Amino acid sequence: GESLNEAKTAGSVQSKDDGLAMLLPKAVRDKGTITVAAAVYAPAVMVPPGGGEPTGWDIQITRETAALLGLKVKFTIIPFDGVIPGLQAGRYDAATGEINVTDDRTKIVRFVVNHVSRDAFMVKADSKYAKFQDPLDACGLIVGASLGSSEAALANKLAAGCDTAGKAPLTVKTFADQATVNLALSQGRIAANIASGSQVAYSVKQSKGKFKVAEMGFGPEIKTGFVLPNNANTAEMAKAFEAATNKLIETGGLQRILNEQNLGLGAVKKSEVIPPVEN
Amino acid sequence: MNQDQSDPIVKIIDLRKSFGHLEILKSVNLEVRRGQVVCVLGRSGSGKSTMLRCINHLERPTSGAVIVNGEVVGYRVKGDKLHELRPNEIARQRAQTGMVFQSYNLFPHLTVMENLMEAPCRVLGRPPAETREEAQRLLNSVGLSDKADAYPSTLSGGQQQRVAIARALVMKPSIMLFDEPTSALDPELVGEVLEVMKSLARSGMTMIIVTHEIGFARQVADEVVFMADGCVAEQGPPSQVIDNPQVEATQIFLRSMTERRDAPIS
Amino acid sequence: MNQDQSDPIVKIIDLRKSFGHLEILKSVNLEVRRGQVVCVLGRSGSGKSTMLRCINHLERPTSGAVIVNGEVVGYRVKGDKLHELRPNEIARQRAQTGMVFQSYNLFPHLTVMENLMEAPCRVLGRPPAETREEAQRLLNSVGLSDKADAYPSTLSGGQQQRVAIARALVMKPSIMLFDEPTSALDPELVGEVLEVMKSLARSGMTMIIVTHEIGFARQVADEVVFMADGCVAEQGPPSQVIDNPQVEATQIFLRSMTERRDAPIS
Amino acid sequence: MDRSAADSSNSRASGGTTSTLTPDEETLAKETVPLRHHGRTVAAGVLVLLVAMLCHSLITNKNYEWPVVWHYLFHPQIMAGLGRTLLLTAVAMSIAIVLGIVLAACRLSENKILSSVAGAYLWFFRGTPLLIQLVFWYNLSALYPRLSIGIPFVGPEFFGAETNSVLTLWTVALLGLALHESAYMAEIVRGGLLSVPKHQTEAALALGMNPFTTFRRIVLPQALRVIIPPTGNQVIGMLKYSSLVSVIALPDLLYSAQMIYTQTFETIPLLIVVSLWYLLCTSVLSFVQRYVERYYGRGVAGMGDRSTRRGPRFSALRKRPQTTLGATAVRQEAKS
Amino acid sequence: MDRSAADSSNSRASGGTTSTLTPDEETLAKETVPLRHHGRTVAAGVLVLLVAMLCHSLITNKNYEWPVVWHYLFHPQIMAGLGRTLLLTAVAMSIAIVLGIVLAACRLSENKILSSVAGAYLWFFRGTPLLIQLVFWYNLSALYPRLSIGIPFVGPEFFGAETNSVLTLWTVALLGLALHESAYMAEIVRGGLLSVPKHQTEAALALGMNPFTTFRRIVLPQALRVIIPPTGNQVIGMLKYSSLVSVIALPDLLYSAQMIYTQTFETIPLLIVVSLWYLLCTSVLSFVQRYVERYYGRGVAGMGDRSTRRGPRFSALRKRPQTTLGATAVRQEAKS
């Protein structure tokens, strides 16, 4: 894909803000480096084919936020369904990659919101579907999503909706990664794919005209963000990253990154911590 | 014994057999008449087993032919060529010759009775009830009336070999081939098997026996064949071949066989 | 032969051996003097091998003891108990007795020379050069001077058994045990092995030989032991036990051994 | 007695040993003390301790979340996954066995072409990971959108269909597993057939049986004794490796659990649930395997240490197993 | 001659057969025509056609995207993945073999505790899928955040560390693969040791070798002949199943390809690239395996069809293979 070769801002353009850095737990500040897990989820997270540092808008947001706090980031690329269990197991200090805020997830991890997205459907270019206005519009279809994603959960909810409405059943297939979903779609094994809007846009671009976007008219705006595991440091870390993200927003850095790498979509006005930190 | 019937039941004509470049049988000629007992002697590697195996087409001759009961074994004469028979036709021919091997070769997964009934029921399509009676009769005659339901592995070598003989006989063959039937046996167990073979010879069965038991050969053979280097080196009644051998190879062989065991006893 | 030396080199005292509930040896007593050749006869299952295997502690006696060269085999007398020796000590005792098995048991992955050199070099720590010479000398003496680099599987049974004898001798044992050394051999090959054993007996080696070769026993044995049902049933010089047996079991056994083979020859 | 004495014992009587040569019989009737193996005892002790620690922590460590395990153990989604896993294993294995026999026969055939095509098949299917093969079959329509039967290169199509309508999800899963497995089964069957001594075939032929009867009644039943143990292992392996069908989104046991825990993040308890089911299935299969092995081992004296005797020994008191169905039928006919 | 004649041939001479009994020798010297196997010929023909069609479509079908395959075949990321796969296989297999020997020894031990703990180990590690075991080890810190060595239940900790700092990615991958594999290797080693006839041990003991020397010099070298072929298969299996480490994000060969096609969606060509590399590796390994098998099979006459003869037959002209290093050393010492 040629778009991958457009070298994005590889390093950080931010410099350390000592005030913000003081918000960090001492141990983290002393260490100076955090390990962040991410799954490949273009264009939020991408790995250059020749190897090297990952790129993508969420990678860049993380990198610049951390730079404001005086931290270096070591990224580890893992499968999506391993991200949150990896945080639970204490293997990583944080995770990123257009991870949606959901009820299940907020029970076990803490989000620092930095972006909003909408889900979208992706269908074949010759499909009769152009837009799904109502949750029942997809009934009777086979819908694919990637394993462990919030879109897989959404698809299951739609399927349940079809059942209660007595419509033709919606079948959900979850695949290990987005590439397999795309392959299944291109061969007609599934009729539609649900993914985040930016992912869909990227896939459509990559497909060289094979796929098209079908907007999801009913979908809510979904917050995504930087994810922290629950441990002794969580509260301080969340506060620090919330403040740093807000600074990034104020300085226009966030919008700049999204303009460069995500068609300018999805910037938030103000960061927040979910679930909120007490006191 | 029964030398009165004089039409050859087995006729081996210019039989040759090579394995690769190694010529094992070099023009063997032999006639066996109905009711005759022929013992084949010869040292290890002289081709005795190979000749026996050609008689029921377990080995395909390189050239020459074996005629059993008036039929060329394994081939059909058609025009000026010998066409190989189909497996089923060869099987039909083989059913007429019983064979007993050195290593018994009972079917280990079948009981003695099943070993005996397998071939007659499946090959000849004989009624099972009748076959079972016949098989039991044969087991009695080899002294194993109580072993019908035993598995071969629970029997002694001698018992296994006697079952193997009964298994061949239940097919009612017109000729029996024995390939060193006692040489895998404990010395004590040899006697019981030879005894069964003697009574079979007395009953008039045509038999070709490859053996190392010189004493036995002298007792039962109508004719003794001595093989050396893939040829029949000497042939005649036991009184001639065993007691008064003409060929040097036979003399040397017999000396090596008798010297060791018998000298200090007599 | 050498009966002049009279101190017992092997002494078996009230030896009993059971496998589970099955009592195989029931109080065996035996003395073998230095230089004596003892042949053990008896039918299959009478416990001959088991007794032989107790002599070098391949079987652990249930009770009783075997004394070889003045040492209790496998145990140390300590206070009022017999303490089992450690594996290394038992190995040291076993190095004094050579054993030859029915099935040769050469090591198939080693050449003949390696078979012979393995134990002396590794167990006794003898210098390889010297051992190799000694081994070659022994190979010559059993008529296999040219087979040093052959693998056992390329040898005939008789050749393998002769290698096995040489392999035992290279350890310079004070006594040799033979367990039916010829009964796995083709009849033609028996002679060559017996010949080696005869010359070994002539050289004055103490030997205990389990065998079915009656003629051989008569020729070489100083004493013949007949075993039946786990006991020594009869014992004495061959002229007595073989030619004029007193016990019925011996008589029956000898008749079954001689009748079959020898009657029609003599 | 030391070594030098042993070396020279042939030539001279060693003096002074006579006194020890006849210890009184009392001494020898004394109790014998077997050798103690201290190393083994210590190792066993350490192991017991470790096992105790493991058990202790299994019970006390809260992170195992046993209530969650219990909640999901008979969860309908897990049960459905288990059912699919068992079905996949059974059907794929059956196909693989049949294919394996055919492939083994081709491989052993005297016909060079048959034998080398079978060889190439084995090479390919054993040489690539099952995962890749599954993805390949699933995406076959990307390569060949339409499957058809007709005269190749030139002729008309007699029968044709969309690849995806032929290769449904289950077809792909079964095809993928069975083709991959058949390559392994072929080797097992081949080994089994080669293990039956040629003597047995000869004895059957000499009795006048034709080659087919010989194969079916004499060679195959004996080959089964060798074929069954590794086949049992393959079945157990298939049970586990069938979880790779998750790559084509067929929710088997493991994938059903993954679909739950990737949403609820109860990873460890759900993996325990899955492990318990797999352990149960493999244990049951091992048990069946042992039983079947015993059945096909009938008539074989298993005394390895006496196997080089010339004649097989009377092996006393072997429990007589059930006969084969075929053989029983013969006997019943005989009675009627 | 028909069957009824055969049945009665013992009792009477069948008349009139004499004319056919002596066909003139000329007839019998005639050319013999071997039987044709039509079925096999047709099957071979169909197969050749199918192979031709396959080859044809491999070349002409654009969907295989051969230029893309070629582009990625030696791509540095793929090469790095291949390297990791080979390293994983080699290291994990080595650990597994050592562990397998220890386990087999425990399993065969007379000590009941050792033998049953080993049995439980085998039961567990063979009974659960590798995938689950890998995920388990990866997430061990969720269960035990800290690993420590000390006196259990009561005592102080002598040494302790964060689980995650001990169980790095590579440690988890190697541990998972090796522990799982060791259970299989243990069974293979056990089978090999049991396959050496007890006679061989007895012969060595009777020569005065102690049990350890007997094991090392006599039993093990012979057991290897039985152990090597299945071990070769396990190595090949490990090569392929090591791709499961992608679940813990260790970028082996397959995962490296997945990382590429997850972004570029060139799934099929990249799977072809991976398959080609796997095929190459398994072919090389098979070749090595066959060579090693031949080496350890030395001194064994492989004539299965004459195996029940009393004495082994002179097997003419066996090529004399190289001796073992150990044996060669003995010979060289002997010469010096």
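Should a chain be cited, it is by its letter among A, B, C, D and E, assigned in written order, with residues numbered from 1 in that chain.
Rule of thumb we're sticking to: contacts are C-beta pairs under 8 Å (C-beta built on N, C-alpha and C of every residue); 3 or more make two chains touch, one makes a residue touch a chain.
Because the structure is a prediction, the values reported are computed rather than measured.
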Target chain E, source chain C, minimum contact steps: 1
Most distant chain from chain C by Cα centroid: A
Length of the line joining the C-alpha centres of chain A and chain E, rounded to whole Å: 44
Centre distance in Å when chain A and chain C are each reduced to the mean of their C-alpha atoms: 83
Chain B-chain C separation of Cα centroids, rounded to whole Å: 37
Residues of chain D touching at least two other chains: 135, 139, 142, 199, 267, 308, 310
Chain C: positions in contact with at least two other chains: 87, 92, 95-96, 103, 124, 183-184, 186
Junction residues of chain A - those touching two or more other chains: 85, 88, 180, 183
All pairs of touching chains, each written as two labels joined by a dash: A-D, A-E, B-C, B-D, B-E, C-D, C-E, D-E
Chain C-touching residues of chain D, taken from the complex the two chains share: 1, 3, 5-7, 9-10, 13-14, 17-18, 20-23, 25, 27-35, 308-310
Of all residues in chain C, those that touch chain E in their complex: 56, 58, 87-88, 91-92, 94-99, 101, 103, 105-111, 113-114, 117-119, 121-124, 128-129, 131-132, 149, 151-158, 160, 167-168, 171, 184-186, 189
Sites on chain E touched by chain C in the complex: 199-200, 202-213, 217-218, 221-222, 225, 296, 298-301, 310-316, 318, 320, 323-324, 327, 330-331, 333-336
Residue ranges of chain D touching chain E (in the complex, touch as defined): 37, 40-41, 43-44, 47-49, 51-53, 56-57, 61, 63-64, 109, 111, 113-114, 117, 123-124, 126-132, 135-136, 139, 142-144, 152-153, 194, 197-199, 236, 240-241, 243, 254, 267-268, 271, 274-275, 278-279, 282-283, 304-305, 307-308, 310
Residue ranges of chain A touching chain D (in the complex, touch as defined): 81, 84-85, 88, 104-105, 107-108, 144, 147-148, 152-153, 173-176, 180, 183-184, 186-189
